[in-house]
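Each structure below is given as structure tokens.
The following pair of complexes shares a single chain, chain A, combined with chain B in the former and chain C in the latter.
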Partner chain A sequence: MASKSNTVEEEEEEELTLPTDEYEALISTTDVELLKRAWRNEKSAPEILRFESDLINRVTEQIQLMEETVEENSTDDADPLSLSLYQMDLDRTLFLLRSYLRVRIQKIEKYMFHIRKTEELWTRLSKEEKKFTRGKGYLLQFSVAPPKMCFQCKHKIMLVVVLSLFFLCCRCTDDLKKHVEENVLSRLPENYQSVLKQSVISEEDDMVPEPQLDTFVLCRSKEYLTGIQLEDGPVDDRSKLFEMEPGVLYFICYKSIKALVESGKIDLL
Partner chain B sequence: MYGRKGCQLLKELSSSEKGHLPQFNSDLFEQVFAECSQHHLELQSLIRKMQEEGLDVQTAKNADHHGALIHHLALVRNKRCLMAYVYNRADNVRSLLWKIGHVLPKEIEEKLSHSEEVYFKKHSARLKSYMSSLQVDLTVDMVPPKDPYIKIRVLDDIGEGIVLSDDKTANFARHSIHFLKRTDAEQFISRGLMEELTG
Partner chain C sequence: MAGQSDSELSLFSAEELEFTAEDELVEIVPNLKMPPLNLISGDFGPFTPQIVTKVPLWLAVALKKRGKCSICPPQWMSLEKLTQVLEAERDSQEMSEQLPFHYVEISRLLFEHARDNIPDVYMVRSLIEDIRDVRFHKVETDLEAFSGRTIAVKIKNLSAMEVNIVRPFIGRALQAFYKHDSPELIPDPERVSDSRPQVVNNAPRRQLRR
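Coming up: the complex of A and B.
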């Protein structure tokens, strides 16, 4: 699948001339392929990952471009076969985009209290802010950003995506909070009314559903990785370091490879 | 036994089929609340008794302290059960939005409590405003597309004059078979008005 409609044919021709691995290398860097990877990672990771705002931004622009192409061609009598190929390409890309956004919303729905209260997030954002203004910016691990920094954003779409996810998360949390308060909390004795704590004597927030980070995931590394600390299994084994060969499938505890997934060294399947 | 009713409430929810929402059991729900108030009364009276005896509630480890502790723990457990009940039902209610769409059929709506209906509508409005700001409809395209067009059969009289995305109108009489764009057909399929013909 090609990322831009006007390059479909060019790439198809290249396929004939280029050796297979070179062609694959070329294909693997297209935005659609990147989106596919982001989507797969997001689908398999138990927690919400960093929002790929740059990528989504580019993909949205390309989709618009493709839609225009299809529309232009459908008015004059273009070849119906190639038109349907464009349409299919477009549909598949749209599916990826929709599914990616959907998976993220569903994670937000599931863990909204946890996402809202995670302090690390808000503090991390201020650090990322500098990166963002330099134009490098993919930030917003949870796509909840204080609105002030969004105004520095150049891209309108990104602003919309970021802001609306931010508001969605805030409002949904408020809605659900209100819902449980009305139904349960307001009718319990005074010391037991917190959403986050079981009772006033709890020291930590112990009522918040959190993503389970110790579930197992299927993953594959792109390069040779060594020194992975296993976070599960018997205590004696944990000191042993684990290594990963490139291209080999592993079934491993998500917690152990969390950092490597975030840095993009490991792909989830 | 303390905490049994809360447990029953949750068992009822978890033993129902996956994705299937049972009727809101307000009867049992109220009984758990009654149990909570009872625990709270007993807890307070035990603490008052300890204070009258001049004991420090935090440090004195006599029978009354442990009694109070049991009431406290039972109350907390009941709170967890009630919260889990409401929270997981809310979870189910939200997933209905994805599976069925923004309009619920009558037989499902009856199973929701009044406040759940309100919550459903609110959440649906939130998602709608999110999607319209993105200009992407996320409720279509639930399965990976194989072909942009699919063959469908109309199961119920949908009526005439429905405008499809290519600005043409179609007459969806009952039992008629059409060849439609998948994105056009999907919303009708999820509402049970059309079925996809395969093979």
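Coming up: the complex of A and C.
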């Protein structure tokens, strides 16, 4: 693809010659660049992806450091121009971080029953997100000791996250279930009282919204990939293997490249 | 239709695309002295009057707004280059690969904030608009070639904005093809016979899951 800036292309070339993942991650890009990638992937993927806890920790630390620096310098007679530039950089990073967390919260809200009962998805959540999904307990914890919690996490972002979780709490599995049961389901005929099932004869939980994994997504590979199995394609195409050239965009069924997205070989956009 | 972008369905808003484009590097000529900036997104500078340096577009625009620099328009934004690109786009059904991924956003930002740094700004602007139109027309005619057998579509050299506009349409079209091809839709006789008479329903059961 001819479109990226030179530096990125150079980095990509280097990546090709250095196969080890850690080294690649080390040299490839800044954390902001990685966060941007995580954000794009999360936005594009139909299901929730693994929480990038290390990356988020690093970015949060950098943001905190930068906030302190800006604050310290704002009292001195430091150059207001460079100070405002630092502030802009900070705001851009904060926007990315918030947007990333927000996309995840939206997905959790939408698919909470499904995430709760699917072990694989459940482990992808961060500690806070798990509390959020469980709901009730967290709400209680908050009502008992909210001030202490808030003072402890002085940090602005944490506060934003925590608060947004707090306000949305009542929506989460236990609470939602209780709410729906008390107000609606208990008044329905006996056979239709489950939150998860349409009626007692349903074999599976057919009232639980699940992410549609056969959504078509737009993606780009960093290296030449061969042997991608389109197993869920039309019957007579199933045996066909698919190849991907680096840097070229493809529309493809998310199911077929799911594993490659998780291993970081393919970026969604 | 493909030409309309639905804000609900397109994943990234125009603002978010612009945000991404603002990280692309451009050259600026500062007119102030300033030590290097060690930002979270990278280290830039030092800034010395009349010495060209590379910074992300957002930084360039911020400095430009305060009158602290002039922005050197990227090479592809020259009259000759764009005329060449337009010809190439008109001559072939293939998309030309000479413009950057974010050419629409970058040119828009520069027209808005750095008009005085772009030579022949009116010509350049109308050339870019022509290129956009020609390219978009090609995208739309390409879309007609889709068929039910499509399981993956390769897109060469489409720009960020173009991709974002056609994404909802292509995505849903492919998904519809995929769905009608899938064996799941063929009714399963076992399931039908399984429905016990205790369910009082005259209408066929609806699958609410999808």
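As a working rule, the second predicted complex is superposed on the first by the 184 of 269 C-alpha atoms of A that agree within 3 Å, B and C clash if a C-alpha of one lies under 4 Å from a C-alpha of the other, contacts with A are read in each partner's own complex, and residues count from 1 in each chain.
In this section, a residue touches a chain if its C-beta (ideal position, glycine included) is under 8 Å from a C-beta of that chain, and two chains touch if they have at least 3 such contacts.
Just so we're clear, the structure is a prediction, and the values are computed from it rather than from any experiment.
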Revision key, fill the gap. Chosen between chain B and chain C, the partner touching more chain A residues is C
Check your understanding: Touching A:260 in the superposition: chain B (first), chain C (second), both, neither?
Key -> neither
Check your understanding: With the two structures laid over each other on chain A, which partner does A:249 touch: chain B (first), chain C (second), both, or neither?
Key -> second
Practice item. Please work out whether A:199 is in contact with chain B alone, chain C alone, both, or neither, and reply first, second, both or neither. Key: both
Exercise for review: Could you look at A:44 and tell me whether it touches chain B, chain C, both or neither (first, second, both, neither)?
Suggested key: second
Check your understanding: Is A:179 contacted by the first partner chain B, the second partner chain C, both or neither?
Key -> first
Practice item. Return first, second, both or neither, reflecting whether A:66 touches chain B, chain C, both chains, or no partner chain. Key: second
Check your understanding: Is A:207 contacted by the first partner chain B, the second partner chain C, both or neither?
Key -> both
Check your understanding: So, does A:83 touch the first partner chain B, the second partner chain C, both, or neither?
Key -> neither
Practice item. Based on the superposed arrangement, let me know which partner A:97 touches: chain B (first), chain C (second), both, or neither? Key: first
**Study point:** Contacts on chain A seen with chain B and repeated with chain C across the two complexes
**Key:** 84, 88, 92, 95, 198-199, 207
**Study point:** Sites on chain C touched by chain A in the complex
**Key:** 11-12, 19-20, 22-25, 32, 34-35, 37, 39-42, 58-59, 62-63, 66, 68, 97-103, 148-149, 151-159, 163, 167, 170-171, 174-175, 178-179, 181-183, 194-196, 198-199, 207-210
Revision key, fill the gap. Within their complex, chain B touches chain A through residues 33, 36-37, 40, 72, 75-76, 79-80, 82-83, 86-87, 90-91, 94, 98, 113, 115-116, 118-119, 122-123, 126-127, 129-130, 133-134, 136-138, 140-141, 144-145, 147-148, 166, 182-183
Revision key, fill the gap. Counting only contacts in the complex, chain A reaches chain C at residues 1-5, 7, 30-33, 36, 43-44, 59, 62-63, 66, 79, 81-82, 84-86, 88-90, 92-93, 95, 191, 198-199, 201, 206-207, 210, 212, 214-218, 230, 233-235, 237, 242, 248-253, 256, 269
Review point. Which part of chain A faces chain B closely enough to touch in the complex?
Key: 74, 84, 87-88, 91-92, 94-95, 97-99, 101-102, 105-106, 109-110, 160-161, 163-165, 167-168, 171-172, 175-176, 179-180, 182-185, 187-189, 192, 198-199, 207, 209
